Amino acid sequence: MDTIGSLILIFISAALINNFVLHYFVGICPFLGVSRRIDTAFGMGCAVTFVIAIAATLSWIFTYFILRPGAPLPGWVWTQLGGDPAVTINLSVLSYIVYIFVIASSVQFVEMYVRRFFPPLYKSFGVFLPLITTNCAILFACLLIMQNLADPKALWGLHQALALAVGGGVGFTIAIVLMAGIREELDLADVPRPLRGAGVALVVAGILAMAFMGFTGMDKGIETAFSSLLK
Amino acid sequence: MKPTRTDFIRQAWLVIMLALLYGAALAGVQLGLTGRIDENRKNETYSVIPTLVPGALQSATLPLDFTSPDGQDWRAYQAFDEAGSHRGWVIASSGQGFAGRIDLLVGLTADRQTITGIYILEQVETPGLGDYITRDYFRERFAGKPVEPPLAIVKREPRADNEVQALSGATVSSESVAQQVNRAVLAIRGYEVPPTPDPGQFPTLPAPAPVQSDSRSGDDV
Amino acid sequence: MSTTATKNAATFARGIHPGEHKQWASDAAIEVLPTPAALHIALLQHTGAPCVATVKPRDPVALGDVIGEAQGFISAPVHASASGKAAKEAMATLPNGRHVPVIPIKPDPEQPLSGRELYEDHFGGVWPTTGLDQYEPKAIADAARAAGLVGLGGAAFPTHVKLLRNEKKPIDTLVINGCECEPFLTADDRLMTEAPAPIVTGALLALHATGARRAVLGIEDNKPRAIASLRAAAAGTPLQIQPLETKYPQGSEKQLIDALTGRKVPLGGLPLDVGVVVINVTTAAALARAVLRGKPLTHRIVTVTGGGIAQPRNVLAPIGASFTDLIAFCGGLLPEAARVIAGGPMMGFAVGDLAAPVTKGTSGITVMTRADLAAADETSCVRCGRCVDACPMNLLPTRLALAARAGRADLLDRYHIMACMECGSCAWSCPARLPLVQLVRVGKLQLRAAQSK
Amino acid sequence: MARTPAEVLPTAPQQAGSPPQAPAAPALEVGPSPHLGTSATTATIMRDVLIGLTPVMVMSVWFFGWAAIVQVGLCVLTCLGVEAALTAARGRSLTIMDGSAAITGVILGLSLPWSSPWYVAVIGAAVAIGLGKWVFGGLGFNIFNPAMVGRAFVMLSFAAALGASAFVDPDALGVLSQATPLAAAKEAAGAGLPSLTALLAGAHNGSLGETSILAALLGGAWLIWRRAAVWQIPAAVLAGAAAMALACRLAGFTSLTVPEQLFSGALVFGAFFIATDPVTSPITPRGRWIFGVGIGVFVVMIRVFSSYPGGVMFAVLIMNAAVPVINRWTIPQPLGWRPKPQEAKA
Amino acid sequence: MSDGGPTAAERFINGILPENPVYRQLLGMCPTLAVTAALQPALTMAGATAFVLICANLMISLIRGLLKPHLRILVFTLTIATFVTIADRFLAAYMWSMSKTLGPYVPLIIVNCIIISRCEICASKQSVRVALADAVGMSLGFMVALASIAAVRELLGTGRIFGLQVLPESWPGWGIMILPPGAFLTLGLLLGLVEGIGMWRAARRRRREREEGKAWTPSVA
Amino acid sequence: MLTPITVTLAATTLGSIAVGMGWVLGWANRTFHVEVDPKVDAILAALPGANCGGCGYVGCSDYAEAVARGEAPISLCPPGGAGTAAALASIMGVEVGETLPYRAVIHCSATLQQRLKRTAYRGEPTCAAANLVAGVQGCTYGCLGLGDCMRACDYDAIEVVDGLARIDYRKCIGCKACAKACPRNIISMVPFKADRIMIVGCSNKDFGPVVKEVCSIGCIGCKACTKATDLFTMKDNLPVLDYDRYDPAAVNMQPAIDKCPMESLVYVGKPSRQDLAAVAAEDLPNRVEADFKTTVDDTEWRG
């Protein structure tokens, strides 16, 4: 499979087949909390996609150059300090703390920047940014990328990391916008009192997850189909 | 009420101190536990080898990496017994099942003519259906099968030597397992055997590997 | 009644076929109501500002005297519809829910006009179709105003406002509305059949007043007699008679304009915005009478019909007569009568108190039996979409209703609730029997309340 | 011919000027306009759907015998029972007579294999009404097609009982011994697919209701004629599926021809009876097209690419979820709507 | 306590039911859904969360005097991330297979809102004793929630509890309960159940009060 | 032997990332600073800052702004719980000002039977809808009894009994929701200075004879009450009670009640001893108080 094909597969897989929300259960808090109106949900989805992309880029850079076992930067420092070049330095224990730190700061930076220079954009999109800092979808994307960087056989490049990140973000957006539409509809429905709000929203999420199970195995299917096409 | 630069430095000292402290603490944890974690990771595969190759010793295992003619990378293990004689092979294989990737190990006799068993390392097949590929009764259907002709999945009692009965209702997963076994067997059979190493070196395993597939095991510091 | 459905007759999109039910009174010639014992003339009978009474209790009044003065431009005076004595101002609740002051009049036993004379005074005599240019356009509008003329087709909008020329928005087409698409009602049909001449004359006067180049009379093709008699009367005049498909609400002005000219009146706009003026046939006849004979609007034709009335009729009744008077004149209610409606069954208002007076806008009294009324109880909306397929305004009635129930003004606005003309096509089609129109009305109030905040 | 007023003067005595006698008042009532309504009710629509389902039911009994009767019967009884119990629990008036729960039961029953054990039908039906309908507030409020929610639940729960091998009875003769067309197509590219005539007539294995395409078309035509279902949705489903099938065929992703795709599996049955469920399909005219095409495309996509042989259920559920958004995007413009003044106001 | 907030005992009790993090506050939903396919991983997760929560609460409470309002969230996050890493490494070292089952959900504890909100609401304001009680209470609440969901899913999905057969062998496992949709459905229905019980009890209390004709409280404030 | 170096390396890596990021943020904070409403800042500081979205707003600052604008209730933050709500209340409280014990009263006291010229009504069973159908009942001013106010009340304080809405003053907190919901505008907020106060229980502005046709107890505008006490003035044929001067504890209204030929002056609030006795004797008095329970019979209204 060529590179473009593998990127598309990573993307589709993250967006539909293994949807972040409906398959991996990450980003549930905003999925339930900010899904009351379609417009807000869409704004949230865009913001998450954007932030995942930024976080993925930064964490890829940090992981690739500093944190992964045998990363070049600490290795270089190590040899400068006179260490044995044969020894691989492994700072991966710092990964989590660095990711969360990087995510938080970059989000805050972007938020301040947008707020200062693009007030209208801030109104429609920037307001979501702080909420995203503590959203597990972002950290989860970083962790997936870390896993794929830790395996020297895979050793993802930045483009693959971004395909995953954007796919995950788009999948999140699809899920939350569908959810918001449904919840706007349920506002008008005669839902039994105890289930109003989160209860029925979770049931809807469950049925959505059932529906998305229809994509099971589609990555394999598309891969086979396209490889036969290329032949 | 614009914040100033000095404000920031004055306020941030706690954060910086904590960062240093936490960094040091984590490094300590890392140092203390890495050995164990690596051991765990390795054992995941190594502990299975004696079950796939009867008589083999867990510690007497030699990992080998090679590339088959079709460009695929493979990892195989040469399993030896206490006496240091070569008892069999174990090859790692993986591929798409019904719902996702299936990773498995295939055991072969030393002459690479008979399958001694399979073991599923990772799978995400449907619970209660496809995930029965991990059950012993299904794995046992592979033990003792010849490597030639390739295995075929059938939905009834096997009639030929190379036939394996599918899990009922999970043909796709069964088929996937069989295909991976076939591919792994094909690869290892085409592999030119390196000279049998000197048995004396086993206790110092893991052997120096050209490429370490295990991710975080490089830190010897 | 025979229905000659002309294939490919011009019409508008969507709409419904609720059944005509015109057989009750379509053959009953117009009769004159004997002067009732008491009249209650409402001071607000039109869209716009209410009138101020100009008579004091116990003042004698003569037929046609002004008793309420119009206030403001969009308003029309009211006149005494019988000679007699005025009484102390009282209150009455009109069928449309307005709680308004009324002037009671006790008619004299001897009336200047009654019976056949009154009929002849309204519709008989000669109605010229030429030489009408002698009237100034402005004078025609003024005469309409002085006569207290308001739209008799339903909305009761003061007619003189429509007739006045507007430099910025010139009129090129005058539409005379003879559709009478409401089931049951036959007043316009009878007038067009019996007395097409004043209609033609009124139409020509309006054509002259508005300065339009073209005059079309749209009429549903289920009234062949009226079409024939109008064609005869309009022969040789610029008035063109255009049969249309029998479909509800063909008579609604936006749909009628669409059917006749293909123009779409903008949302929130008036026919004026597309260069059209629409007036009803009865209004046209009354206009002719006001201009040529100087007679004010004191009587109107009311169809008293339906399965719950003993003798369905078309009655020329004085404004201010009570529903009870008319019903008694038509033989009274039958035991199976279940609902009395001011107007037709699609847009009319149910009347709770039969003492309510006839106003200029009362085109009919429909007495429905229990069998006519939608029998089943309300169930949940299953979103079958029949209301959507019916709505001539291309709205989503079910969404409007749900949003109104939930009190969601934002949704009401998003679904264009203000475009609804409350024609009732949606509610008629609804298998779940949702009171869609009522909910739309509630929703409009909610939206206004939310917007005024 | 106009009569003179004199001819029709009232026979009742009327003296001008005398106070009219108040008629002996029958009990009057008031209510909002319009005061007329069609004769159709929710129950009559549902009855039409049940009538439309009879050809399919007859064919399924013809092919599968008692199994079909038992399966559908169990589903219908459970649906009605659960519906009655839940409406009672909420203190609402009983709605089982409106027929919607019966339809859910019939459609669920027809979408199961002949062989599934009794608890599949019972659990599926209970979930259909409970999770598919009651949770949302009952008739008219559910977002997802109840029958498909029930089927998805049991399919994901008891995969073995609904998997391809569940359809096959090796000991039987005739169709029951063959794999379902789609499963066959999935396993061995195109081999073993029955002829088109067999597909149309229904002489092949499959879920109870999906075998005879002709029966489904017949019932569907009835639905459309009775206006119980809108015609746009089945048309759009079939068009979308045909387009996608053609694309996949041209690209060589599948060996099935377009007619084979259209006439195998539950596509036709689903297009006429499942996608058309008014409650869970869009209300706007344009939305119906989008919805239908979406289902058609997803069905073929799932068949061709995913691990499942059939995709009607998943496609319907996915598009059900999109209905609110579709409705929102396709609000029609009212007569006389012009963009300018609207924006100016906003 | 002199610091004005709720007492240690109140904090403790609140965490378990009245302010249950999952059922009442809807916090920490991601792990709640992800690891509750069976009881064992659920309880492990609850344990790991409890460890982090308790340590973080203690740490923050200790340094609460030094916190600057602007940077407090940063400090919380750093602290939590550190303890999470420690927990993660210990799991990998001593419970390898469980650590693999839980996968990325252990590091995701960092962004579990329960912990950060407890730091903010309690630990950064109240004494170590209260902070401890609070953390233990909340942890128990979280554990109760996870356990209840996992029990339902494991029981219906496999007929087992803690891997032990409870329902008859003939029980057809509801596979969906183990799959993602089952998590959402179970949590949604349990949430409705908890809410429903609450409403039913409130209604009953009101009815009783009315019947007893409780003292008429004057309307004048 | 290498241990100290690793520890140092890790610590310095983390430390330098921290310093670097911190510096960038500090710089950004200075350069991109935007002035905001100090109240928003105060609210933001009082919120947990978890940004969990539990409030339904997009993060803490969005919620803070909504609260500052007065659009959002103060009690929406789940992690913050009651403590945060109290803190927000104290920040916003400055705005709310002092609250008098205002309570809702319904200016109609005719039960279904006392309202005349009623017709069976078939339609949407809400007051807002029925109000649009003329002829539901004779009086176009009075209570319709379909309970819009009841549904608007979040505190369960209104019941409709005999087709008339009544308020339970043990529960009413004076939120005005009912007054906004009533399509007939017959609910007003009056200062409740004591347990029981008098209200004018009629809204019909018509002349006496017209009122008599539609209601058996409605105010006929006879002005008798204004003669009994100067607390009443007439407006639109109705007496208006001057609540600024009316002190329920001090003024004896009995003379006015005795003078009133109709039953338009009523007490609401805590039931009087006689009323309670009457209840005990199961003999409902004509002048009905706010807390006698039965439920509305919808069926009769649906016709």
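What to note about this one:
The chains carry the letters A, B, C, D, E and F, assigned in the order they are written, with residues numbered from 1 in each.
Keep this in mind: contacts are C-beta pairs under 8 Å (C-beta built on N, C-alpha and C of every residue); 3 or more make two chains touch, one makes a residue touch a chain.
In this text, all values refer to a predicted model and were calculated from it rather than measured experimentally.
As a matter of contact connectivity, taking subunit C out of the picture leaves the rest undivided, in one piece. Touching subunit B and subunit C at once are the following chains: A, D, F.
Taking each chain's centre as the mean of its CA atoms, C is the chain most distant from subunit B. Between the chain pairs A-C and B-D, more C-beta pairs are in contact across B-D.
Averaged C-alpha coordinates give centres for subunit B and subunit E that are 36 Å from one another. Centre-to-centre, using mean CA coordinates, subunit A is 24 Å away from subunit E. One simple way to say how far apart two chains are is to compare their mean CA positions; for subunit C and subunit F this gives 42 Å.
Annotation: 68 Å between the Cα-based centres of subunit B and subunit F. Each of residues 27-32, 131, 138, 141, 153, 156, 159, 307, 327 in subunit D touches at least two other chains. Multi-chain contact residues of subunit B (touching two or more other chains) are listed as 12, 15, 19, 22-23, 26-27, 29-30, 98-99, 126, 128-129, 172, 221. Among the residues of subunit C, those touching two or more other chains are numbered 349-352, 380, 435, 438, 441. Of all possible chain pairs, those that touch are A-B, A-C, A-D, A-E, A-F, B-D, B-E, B-F, C-D, C-F, D-E, D-F, E-F. Residue ranges of subunit E in contact with subunit D, taken from their complex: 172-177, 179, 181, 185. Across the interface of their complex, subunit B is touched by residues 2-3, 5-15, 17-19, 22-23, 26-27, 29-30, 33 of subunit F. Residue ranges of subunit A in contact with subunit C, taken from their complex: 187-188, 190.
Residues 22-23, 26-27, 29-30, 34, 73, 96, 98-100, 172, 211-213, 215-221 of subunit B are the ones that touch subunit A when the two sit in their complex.
Interface residues of subunit F, counted against subunit E in their complex, comprise 18, 45, 48-50, 52, 54, 78-81, 83-84, 99, 101, 103, 156, 169-170, 172, 192-195, 269-270, 293.
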